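Below you'll find the structures, each written out as structure tokens.
Each of the next two complexes has subunit A plus one other chain: subunit B in the first, subunit C in the second.
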Partner chain A sequence: MRALLVLIGLAVALGGCDREERKLAKLPSAAPSPATGERRGDLQPGQKGSGLEQTTSSRSFDGKNAFELAQGKRLFRWYNCSGCHSMGGGGMGPALMDNRWIYGHEPDDIYRTIMEGRPNGMPSFRGRIPDAQVWQIVGYIRSISGLAPKAAAPGRNDGLAVTRPENERERATPRNAPGSG
Partner chain B sequence: MAEQMPGKPPMLPRVALALAVCSGLIAHAQDAAGDGAWPMAAHDYANTRFSPLDQVNARNVHSLKLAFSFKTGTTRGNEAAPVVVGSTMYVVTPFPDYLYALDLSRPGANVKWRFDPKPKASAQGVACCDTVNRGVAYDGGRIFMNTLDGDTIAVDAASGNEIWRAHLGDITRGETITMAPVVVKGKVLVGNSGGELGVRGWLTALDAATGKIAWRAWSTGPDADVLIGERFKPHYAQDRGKDLGKTTWPPDAWKIGGGNAWGWISYDPKLDLIYYGTGNPGPWNPDQRPGANKWTSGVFARDPASGEAVWYYQWSPHDLHDYDGVNENVLVDLPIGGKTRAVLLHPDRNGYLYVLDRATGEVLSADPFATITTSFGVDLGDGKLRYNPEKTPRAGRVVHDICPASPGAKDWQPSAWSPRTHLLYIPHNNLCQDAGTYETSYIAGTPYVGADVKMKPGPGGNRGEVLAWDPLARKKVWAIDEKFPAWSGALVTAGDVVFYGTMDGWFKAVDARDGKLLWKFKTDSGVIGQPVSYRGPDGRQYIAVLDGVGGWAGGVVSADIDTRDGSAGLGFTNVMKDLPQYTKKGGTLYVFSLP
Partner chain C sequence: MQGLHDVLQPAGPAAAHIATLWWLTLAICAAVFIAILVAFLIALVRAPRADAATPPDLAPLGSAEPRTRLVVSIAVACSIVGLLLLLAGSIAADRALARMPEDDALHIQVTGHQWWWDVIYDDPQPSRRFQTANEIHIPVGRPVLLSLQSGDVIHSFWVPNLAGKKDLIPGHILTLRLQADKAGTYRGQCAEFCGLQHAFMGFEVIAESPQAFAAWSDAQREPAHAPSDPGTTRGHDLFLTGTCMMCHAIAGTPAGARAGPDLTHVASRKWLAAGAVPNDPEHLAAWIRDPGQFKPGAQMPPHAVPKDELDALVAYLETLR
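Our next item is the complex of A and B:
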């Protein structure tokens, strides 16, 4: 019993470490971001030709860090993702808080969705959002349906209270559409 | 491409024959209307939605029976009106905008042809409020239709073959087309959608013969773009001045300022003027666009030949709540002040039923037909809407009990006018909201809104109402409460029956004189379409309507919106959480007649 408590304590402490850790400047990690292919669809937000030139591309997914997820939440509104997906309930784009994933729920799947776009109206943001920010958004998107640890998921909304915050969401066990990913 | 339906002989010989026989009979929009046809979404240029047929009447409508039905093969919101000319019915679906021709001369009305315009799939992501299509127009042997991805297409009514296609909208900037075109004097009139994505609004006239652009009138920008010139004589002082479409905005904001003409167009052949409304200014957050934001949320009268503006009136100057001005303008002649005046009736999103002199744009009356907290009234002296400063959104603050909510006291759902009862039948919403605004950045092709809204039922708790309005007495004559927003169009007939559908799936017939329920039919999915009536080739009167819940109000069903997020679907979700318990997705045409 005692040992168990210690273990739990340790786990909480460790989880807490992840939650609070703040990597200020990220060095490109060994693992590169997954290769993205052709844009899927006709939509590319912003004015043509004024996009970012990506210099480095490193896989920097962190789904357990409160800062990363909070940044992701801020960017989700900043880049108008929220305009189409609302606070996860959907609208012009599909709901992201449910357990249905058309194109897969793994971080690399979501990364590809954002970079390449998807044929039925998801714009391709490649060249518009810096890579590190895309990974922050990926982490946040997973927290929308409870796929991030509660300890790290955002706990408040800046705007009108219309939905429970992410850290109160139950994990929605993903059901990927056949052939997704 | 028109697709041949299986099991039928090749079409060519028959088409050729039909052309030979019918060429002398090819009907033009307005001529066809008088004869039991329904050639355009609004039935006629005056936008009355009045059917002169009276076989079905208030005494016998209780025995109305389903004559046939037809599955559209789609599950998004069906907001269209079926169009009927001769022995053919034309039905357009939501994305992918299939156009069907049904042969009414055969039992069960089998499919003559299906035209698939193949719109770009990406268009679905930039359609603010479901992927709807509000109908097609018939003129001179052609069907004119719009696609969600921004094309206008002329299709041969006999064969279903494409005649021409004009590419008008650019989905990469968030521009779509959802409205029903109208053909006036050989010009196809089309307006764009995209007021929630910073799309600059326009109305475009295409040559019906060739599809070439005859003129385009922008809703914002310099006078030259708005087609404002010598002939422009607005009634009120605030609408006079040079380049107001530019000067009533912060620099360059007019380029992404909305004012989309996505609603209804009417036409008065005597005055030779068309009338149509302009949509909300963008973004919703008003702090980002100080000024009157001309020429958004107002109504234009224009010369259909040149597009020149003749007058304009602004329902909601510097709109604060997404009150688009695109609702129908129903053209009627009324005895006012001892003489007959040519007026237009307009139930606006801001909650007032306007009566305007349609020659001059003077407001003759403006009375609330719904609960209004956002304004105190319309000053008939200077024509100005008197806003309630307490309900003005300000960044960083939540404003409570804004009535009407953003979809307005009435959204796109068109009303019907009976020249027999002299009443306007208005299906509409009873919704209020809390709202918070914030600064939003413009990223082309993404939403440009800057407001979180949380809608709730208006006073009484019923979210919808269908009412009969007497524009002379300036009051409600009767009203029917509906659980959900009354999001379908209305139809009234010479048999004094009003038809409309509900989002929980009832198609109803009520007495035009007192609103008494006379008949109802349970549909598979909720009804948000526009009911129509026509005389079939067998001489009998039919009533037709599409089900298929959706639209802005029905996204919780049609777009699988998650109801745990009240802000979803531009804030409509909070007030529609129970809709999935009452109805499901669908897409069926129902046609009724007396046994």
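Our next item is the complex of A and C:
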């Protein structure tokens, strides 16, 4: 009985391991990514132009890792997503903390939204945000409507908090608009 | 990073007050230490000699130690005087620090970020404000009023040759007064653990003559000039159409982001990345390609860019003097 308890305790403790692992940004293997999708709008931050060749397009979404989600939260502010979406409640852009998704809630859908932009005013960030960071932002966006594990979602704000921390959000059952993605 | 980094070589009044307090503390503590050693020695010399074979003397004392009361009173009096001296020294140093002159002070805002320093030179005339990073120039003999803030977690601003430590607390603005009386380069360091690259969060304070400082600040106020030849023009375009302008600002161009250090005069600085990397074209290129090789975990992403694009970027950044 005691051995069983110890085993269960160990299993629970080990489950937390990948939550805290920090995969630091590394130089990607040089292959530039082919543009995977087609631009959906002509807005983008900064001047027009092709910019630097992109880094890799290897899929590296990890929605269970606390560090990745916290980095996504930092970048959401740095790249001024909050300028249009506030801290998730929406402003000039739609709310991201509710359960309604115009273009889908799957990681690939959100990735495509950020990379290619969307016609009604969502800029395209292709070439402006390195791939690995886009996946971190995808993870964070899912956490604001409760789609990330509570154990991994950020529990605090660096700045003034105006909403409940992400790890206290109820999971909102996503409702995708028909024909999204 | 070179530069003086020594509390015991004060180069200005604030650090001098602190050094005086340190020497006073050291003297009093040394006196206490010596007094205790001497008392031990006396006890050793007075004690009766014995060897292993002698049975221990367990007989009760015939009479009390002579002059117990006198000896204890003297010891207590000495302790009180020593502590009072320390207290007085500490209060005097604190008062002196709080009353440093502020007339005609130079106002500088310093914001700590993981893991670099953002520096804004304030001016009543807004057009004369300017922003730089990781390298603080000050004129010799003029008071400097620093307002310290944090962009993320707690940091601490410490230039041992010029002043004591002051923490940078998120949500607060704290001030630190200092003044350099001797020209020189003084090394500063974040003194509160703030994450992976805390150890590489250094900076330099360069104290120079008022003329040299005026020349430097006039140069810093200039926006970046448009590039003239094809190589640097390409670098300029790459900077403005790629990732760089999402995080960095270059005055005189549309790049105005504040997530990373201001690069308007990046080539004029001696070090890159808060003292971690010497500033020359080879290191600059290596830094842009992979900041993690110098500062693992640094908040700037790696860029696997082809060599010609990297060369163009570096050529452009090298024109930002």
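Operating definition for what follows: the second predicted complex is superposed on the first by the 152 of 181 C-alpha atoms of A that agree within 3 Å, B and C clash if a C-alpha of one lies under 4 Å from a C-alpha of the other, contacts with A are read in each partner's own complex, and residues count from 1 in each chain.
Definition applied: a residue touches a chain if its C-beta (ideal position, glycine included) is under 8 Å from a C-beta of that chain, and two chains touch if they have at least 3 such contacts.
For clarity, every value in this text was computed on a predicted model and none was experimentally measured.
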Which of subunit B and subunit C A:Ala95 touches, first, second, both or neither: first
Partner chain(s) touched by A:Ser86 [first = subunit B, second = subunit C, both, neither]: first
A:Pro45 touches, of subunit B and subunit C: first, second, both or neither? both
Which of subunit B and subunit C A:Pro154 touches, first, second, both or neither: neither
Which superposed partner A:Gln133 touches (first subunit B, second subunit C, both, neither): second
First (subunit B), second (subunit C), both or neither touched by A:Gly72: neither
Subunit B versus subunit C as contact partner of A:Thr163, first or second or both or neither: first
Contact residues of subunit A, present in both the subunit B and the subunit C interface: 45-47, 78-79, 128, 158-160
Residues on subunit A engaged by subunit B in the complex (per definition of touch): 41-47, 78-80, 83-84, 86-95, 97-98, 100, 117, 119-123, 128, 158-160, 162-164
Residue ranges of subunit C in contact with subunit A within the complex: 152-153, 170-171, 237-238, 240-247, 254-255, 257, 259, 289-292, 296-299, 301-306, 309
In the complex, subunit A residues that touch subunit C: 22, 24-30, 32, 45-53, 55-56, 74, 78-79, 127-130, 132-133, 158-160
Touching residues on subunit B, where the partner in the complex is subunit A: 120-128, 171-172, 196, 398, 434-436, 438, 440-441, 443-449, 452-454, 555, 559-571, 573-574
